[in-house]
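These notes open a run of structures that come right after.
You will see two complexes here that share chain A, one where it goes with chain B and one where it goes with chain C.
And then the complex of A and B:
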């Protein structure tokens, strides 16, 4: 397109939006290194809040729990989701369209509704609150993301490759492990990273499903903010943002998410 | 793709599919059904042995104007946030899709999308630091301007709107970008060569062709905002009572779960109506 004042204006607008998106996060990160607990300026560099955070047993326990839950969710959701994607791609059967539509509700229904419904149901069947309930909820939320991501990769898969392998005497397992899986590997990695991010960043469902005093990191942060926050929360929040952005950056590299195709 | 012919293939299909869908059944679809059931109870069965069936929870919603007022307040908030997301996001998506090319476009697109995938709670919290009285924003403005400005944004509806727009803007830009990218450049060139002004191109070509993407983005913002509770709690303070926060209270503070279930289910009905109304457009946006 031609260079025109309008295009220049658009680019300035885009730049302003990027400032809007990143400025608060950068301010938070900066304040986590500021010595004053009341965000007083002038800025004085200090890593005290990170030291305080590292000494806070509650934060450390919650952080470890969050990472473990996210890892568990990732493994379960990736295995189940990949299997389902392969089946949805490979076979034609009645009800397939319905199964694909059923992936939509966990993403589209507000988490407040899903979370409270899980709480009510899990209590009714005796699971109650706690880490198992949180994992069950997180896997359900992550599954659609894994299936969509892996299916997107599969859609570019050439089925004749499988037929060729089979015609040359490969059995079903060999076809899967030597032809299909290597092709969809980037999709699986991206799906796994999405699953990790969904679980690690999940607040609403964890909030309703975790036992008080036995919470994940986002739940702990929410409780702390409502009590009146300290820069320790800044420090841990800065770490969380860095981790989840890094994970998503990797996921974007592995999946063909956006950009020119 | 193979048609199912042999029993062995049927078995394999079942083995591959059933774990994922059983999980969704237990963790999403049964809970939603259970919630409908519990919304008609007087007490939770595990708390009171003498629980009974009632329409009282729904009657409470209809007779107590607090709930309908708050639902209207939440819907109005969703309209406001959606409006600003589209207004701010459209020029962004347009520039990204049509004016910037190659690697820098990819990098900028990733930069816009990345915050969406970082922790939403933490991003709302970061606004609390920026907006608080005598906070970073006020200091920055007062540093530039010669006279003293008091914004008093924290714990207002405006703060809630700012936080929510920040949370959902990347979503709108994503759907709009995908829609605008699909518009054929030749179409625009043809219109220009025949003397169409930029405004005409926008009004007659770009807007109509990107409308499915626009509506898809709008729905994807509107629905979660109607059910938001964490953002109003943190940024709204006393002004932050919405339909979502009332549902939260029923489950974590008041412990009236049947009423909470009824309120959640009414919200679900609203969401389903919105999604159903938008579904023809959403389907078009997918293809």
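And then the complex of A and C:
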């Protein structure tokens, strides 16, 4: 069976997917180290673009903003999402099923739609544009990811562990901190990493909700590209891709393999 | 160590009545088995005593304290669960020491008591292992050590042996009994295995549909069941057909009562037995050899009777032939119809 043409075709297909996925990224990364500003070959190694980028105050400000917003989003979304997961796991209440179903559409709804809706809504209730609006928007987008990863971990949690802890005299807080949280910790870490990635990579919602001049990194890159593409953008993009992939890799590790160890 | 008094306890789940006006006393230092089919309320009773459920009516006393409104963590109990419920992220020693740490026991004393408890269950060498590195029997022992290390007032066991295979189960029964005697803790044990209940406990309570049918020492419940359910649930009963009653010597008049015998009380023979024994005629269906013992299945007026005896005490009998089953009239069980 392993030699059948179908398997071979599958392998070629997979190779093509990988090429189309990663080739542009690799080209971009390579060009960020190329001395020529016009992508001219032969390749000549240089870290000039990184040096230039580091000297660009606009990029640095946007990067710091992006990281701060992502960190804020991560903390808020992880706390809320974990609490929500535990509540959904432990209690039966009216409307629980509907609530669980409602968690998923935000993942599927295009961000463009979500972003527009948020902009209209935030203006209607008086929050308007600005950093609070961006953080609220990011938290809303990241929350389902946290709830899904933490809930997945909780579904394999044995409730009698909590009962056993209580029978030994542990109060609710001790049970949570010593028994339940250690068990779901890998899910929480994975959820937090997803939340960070969702926020850090977020363009549409950030673009709609940021005040002019207060751009996050993806927004700044978009604006820069419209003015003209420089290898400086390659440099910053390469850094973003590296950070994002590292975060996602860690998230996958924690959510998938964390439990078996 | 304390006695436990349950008085007029009723527990409902929605419309379903899980415990219906249950009253029962568990003596100080006793080993008490709660026995019953699934859905009889035995686990509900145990969990109500533990404090996982609060009763709608009635009182529960542990020692001198009324506890029916006290939450689990304040009841000072030890509990062992069917699946052991060991904390997977903690070592054996940390599992056992959990209750001590919660009580803020000084470190030196904590260490000494963990060591003592592990010694008691013969697992001293395993202190640093993780639960996943232990066998089923060893996990069992860790769960027991963890349940008793805080010197609780009462030990509650929820079918703790049901996950073990037969040989290991018998070993653990002996071990459990030894440890319970050694520390003299009041123990309440839920099981659906009647043999386990008989072997371990010094008192048995049989439950059915949320009520205690009968409670007493195992021998008393076995020899003098209070009704047909108790007779059939603890041990096996061969019921006497009404048509066969005449001519038998029975304890009291047959009006409004049913009579039975236990399989091991019976003798089997090809000829009618002598004077002074009760006997019924039947047709031998099957003789099952099981080493030292043998079982005979006999059709008595359309009912299947069972006889258990040492194989060498059963004579050669023709299969499908007519046989007599006889017993000492004093061994006849009588219950209200």
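One rule holds in what follows: the second predicted complex is superposed on the first by the 247 of 261 C-alpha atoms of A that agree within 3 Å, B and C clash if a C-alpha of one lies under 4 Å from a C-alpha of the other, contacts with A are read in each partner's own complex, and residues count from 1 in each chain.
In the analysis below, a contact is a pair of C-beta atoms (placed from the backbone, for glycine too) under 8 Å apart; a residue touches a chain by one contact, two chains touch by 3 or more.
What you see is a predicted model; the values in this text were computed from it and never measured.
Legend: residue contacts after superposition of the two complexes on their common chain; A:139 is shown touching chain B, with no touch to chain C. When chain A is checked against chain B and against chain C, the one touching more of its residues turns out to be B.
In the overlay built on the shared chain, the residue A:151 is in contact with neither chain B nor chain C.
Applying the stated contact rule after C-alpha superposition, one finds that A:84 touches chain B and leaves chain C untouched. Legend: residue contacts after superposition of the two complexes on their common chain; A:248 is shown touching chain B, with no touch to chain C.
Once the two complexes are overlaid on the shared chain, A:171 sits against chain C while remaining clear of chain B. Of the two partner chains, chain C is the only one touched by A:182; chain B is not.
With both structures placed on the common chain, the touch criterion links A:161 to chain C but leaves chain B unconnected.
In the superposition on chain A, A:199 makes contact with neither chain B nor chain C. Of all residues in chain C, those touching chain A in their complex are 50, 52, 71-74, 76-79, 81-83, 85-89, 98-99, 102-103, 146-147, 150, 156. Within the complex formed with chain B, the chain A residues making contact are 1, 6-7, 10-11, 13-14, 17-18, 20-25, 27-28, 31, 39, 41, 79-81, 83-84, 86-93, 99, 102-103, 105-106, 108-114, 116-124, 136-137, 139-140, 143, 147, 159, 172, 197, 200-201, 203-204, 207-208, 218, 221-222, 225-226, 229, 233-234, 237, 240-241, 244-245, 247-249, 251-252, 257-260. Those residues of chain A lying in contact with chain C across their complex are 158, 160-161, 163-171, 174, 178-179, 182-183.
Chain B meets chain A in the complex at residues 1-4, 9, 12-13, 15-17, 19-21, 23-24, 26-32, 34-35, 38, 44-46, 88-89, 91-92, 94-96, 98-102, 105-106, 108-115, 117-123, 125-130, 132, 135-136, 139, 166, 169-170, 174, 177-178, 198, 223-224, 226-230, 233-234, 244, 247-248, 251-252, 257, 260-261, 264, 267-268, 271, 275.
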